[in-house]
Amino acid sequence: MKFNREKGVERLLLLVALSAIASLALIAVFILKEGIPFMLKVGPGNFLLSSDWQPDAGKFGIYPMIVASLWVTLGAMLIGAPLGVAGAIFLNEFVPRSVMRIIKPTIELLAGIPSVVFGFIGVVVLAPLIRSHLGGPGLSVLAGSVVLGIMVLPTVISISTDAISAVPNTYREGALALGATRWQAVHMVVLKAARSGIVASIILAMGRAVGETMAVIMVAGNAVKVPHSALDSVRTLTANIALEMGYATGMHRQALFATGVVLLVVIMILNSIATAAVRRPIGGKGNTKK
Amino acid sequence: MKSYWKIVTGVVLCALAAAGTGCGRKRATITCAGSTAFQPFAEKLAEELMAKRNDIAITVQGGGSAVGVQSALSGAAQIGMADLVNLPPEAKALTSVVVARDGIAMVVHPSNPVGNLTTEQVRGIFNGAIRNWKDIGGKDAPITVVSREAGSGTRTSFEQIVTGIHLTKDAVVQDSNGTIRETVANDANAVGYLTHGVINEKVKAVTVDGKDCTMEAIMAGAYKLVRPVFFLTKGAPDGVAKDFIVHVLSAEGQAIIKKNGLIPAK
Amino acid sequence: MRIPPKYTQMFAVTLLAGATLVTLAVLLFIIVFVLQKGLPVMSVKFLFTNPQEMGRAGGIFPTLVGSVLLPLLAILIAMPLGIGTAVYLTEYTRETWVTKVIRFGTDCLAGIPSIIFGLFGFIFFVVMLGMGWSLMSGGLTLAIMILPTIIRTSEEAIRAVPHSFREVSFSLGATRWETVMKVVLPNALPGIVTGLMLGIGRCISETAAVIFTAGSSLRLPQSGFDSVRTMAVHFYILAREGLSNENAYGTAAVLIIAVLLTNLVAYWLMHRFIARRTK
């Protein structure tokens, strides 16, 4: 009788797993089904490299949006990565454990603040600052990068901290025994060992920055143009989808799904790099992460 | 222990499913979606009607006039709100009723010395031909053009009335009338267009060709940037949709519209 | 001339400390900014009265309800599906290419921008299935959105349970299911709960996907097919349209406190379970 129940449970779990996988497959298939035929019909070259985005006239070039997403994300990482990694190093290596145990959860708490709040503060505080001191409309690549950079800080710090604390203490002790200062031990030994984890954190943060929608809509200006300077107003791929999806039909709607496919591919590539980076730990992974 | 939780989950799921099929109080519901310009008015009128009658529920969504047309066509909404000068070809299949008229005002920051814009100047600014305020009598500062997204009825009407506009690529785009107002209010060099009903002291409406965007000027036909607000339904409106439309067109409905800055249908 | 390591260390540490301080300062500034403007507005009345004039005045009660119901619905759907899938994948199957593909797929889907879930949910649930802008559309969309994360974190948590635990259980005659229920899952609970909390937090803060699937109605939902507005959406609308900066900050303050509470509960649960396990 026990055996029957076991079989029953196993079948039930199989069903559950299949339903979950089916729903995930549904969304993947849906996006691809709407987006890929469109890209083939319009031609990937036309779609990805043309600067002409006029859905009413049948022109679907998303090049300005691709460049915008690129600039804003890179800008965000230029701000978020150094600050984040530096913070992770400092918290792990140069701060007593008791202090770290308060600060780390605080920073992780901050990861939960809704993006719309960041966006609003960007509009109310940052954009006017940019406009009055640097010129331009204020709603710009720079504003978007700063806001996104701040938003990804908790991610970078959190994952980098995990990577750094996973480096076995024997490494540090060995270096110190050889006469190194703390900082030498850190940058010559620990960082090299944690490098793959830190790189992974940056790549993952990049993925999140690429996917952010609300904050950029509020703060980047949404102009459909290829930016020439960081003070120009831009529209990212995600903002483009959000602004037009309510009413797009036919080929226009498919174009938005195709944009989704582009985003999917970018994130898939980023994720693969991150996973590959983490899978080459130097000297073992040490203890658990959390 | 875990099985206890599975039972609880099961019970809660069933309860939600039951609620999901609406075994609460029976109410006829409709959704009214579309124009962000008319949305606040639709919400107010809906609130009033629901206060008078307990058995109906009206939900108002925004999204822009194009969303209004699309959702009426697809059935996502029973009433689509669109404030367009000319309804698009796909809307011909829908029944339309004019419930109000709306003036589109050109707004600038209150500190901007420019007080009037000719149609030519408007065209030039939004085309990107005129790029600095000093070219039209203002300060020496670059113009920040603020526009709505492509699906906006306000934008479509604006571009259809002021012909010949091919929106400059530098234009900042925002997705509702309120946001345009806030953007212009925060940027001393900005110019934008929005529905007359949303103007407040944060922005300054300029005259267009010497005409003010006031109710009198519009009703007298002097101010050109005007468009009707349509309620679109699939087929003749019935049930709650009909009641709502009747309410909006009634004397009190129109009075509320007039009081809050829009123009009555007649 | 080589600089003595002592000085490079001082220099480096100063830089690092500076970076950390800047980070903390910015993040704290945001919280203080919002709370300072929002806390004065927060009161029992604010939380429990209905909004008036589309949110210009009055409270935020329906949005509070929306922010509770929508994540709840999403979790109720995603939790059994996610944990069940994770259990099946780790306990009942061997590592084959199928499981590898599934894992890769879930990892990718965990990284998809939420706007794409919103696009999918809008076209599929709202329009194609005719569910309209509703709790159900929103809940289903959010459930699919957090499902990959729940599967992934649950799977990691389950795999972290040492094999020896399972072997002991089997050697005592327990069936696979009994082992899962009484040994594996209780030990994996901290990780699983973390995943659930992450999911709930994401649902509470999510805006784009919610507007397009659950709509933005300010009425209290009467059934699963009514539209709801969450606090995140409400804040977005109030702030952007300048309807009421006070209420916007008040809503933001409530949001931040809600997220803080969710995370605190997660930490407390984790520590309680870890303490229980190591007793």
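Chains here go by letter, A, B and C, matching the order in which they are written, and residues are numbered from 1 within each.
Convention: a residue touches a chain if its C-beta (ideal position, glycine included) is under 8 Å from a C-beta of that chain, and two chains touch if they have at least 3 such contacts.
The shown structure was predicted, so the numbers you read here are calculated from the model rather than taken from an experiment.
With contact taken as defined at the outset, chain A and chain C are each touched by B. The highest number of C-beta contact pairs joins the chains A-C. Centroids built from CA atoms put chain C at 16 Å from chain A. Centroid to centroid, with C-alpha atoms defining each point, chain B and chain C lie 33 Å apart. Between chain A and chain B, the centres computed from C-alpha atoms are 34 Å apart. Counting partner chains per residue, chain A shows two or more touched chains at residues 123, 246. Looking at chain B, residues 174 sit in touch with two or more other chains. Under the contact definition stated at the top, the residues of chain C that touch 2 or more other chains are 80, 240.
Within the complex formed with chain C, the residues of chain B that make contact are 2-3, 6, 9, 12-13, 16-17, 19-25, 27, 29, 31, 33, 40, 43-44, 57, 59-62, 74-77, 174, 176-179, 181-182, 185, 202. Those residues of chain C that touch chain A in the shared complex are 5-6, 8-9, 12-13, 15-17, 19-20, 22-24, 26-27, 30-31, 33-34, 80-82, 84-85, 87-89, 92, 102, 105-109, 111-120, 122-124, 144, 147-148, 151, 160, 175-177, 190-191, 194, 201, 204-208, 212, 232, 235-236, 239-240, 248, 252, 255-256, 259-260, 262-263, 267, 270.
Remark: chain C residues 53-54, 73, 76, 79-80, 126-127, 130, 132-133, 135-136, 181, 185, 215-219, 222-227, 240-243 touch chain B in the complex. Of all the residues in chain B, the ones that touch chain A in their complex are 63-64, 66-67, 69-70, 144, 149-151, 169-175, 183, 186-187, 189-190.
On chain A, the positions that touch chain C within their shared complex are 2-3, 5-6, 9-10, 12-14, 16-17, 19-21, 23-28, 30-31, 34, 82-84, 86-87, 89-91, 94, 103, 105-110, 112-118, 120-121, 123, 125, 150, 153-154, 157, 180-184, 187, 204, 207-208, 210-214, 218, 238, 241-242, 245-246, 253, 256-257, 260, 263-264, 267-268, 270-271, 275, 288, 290.
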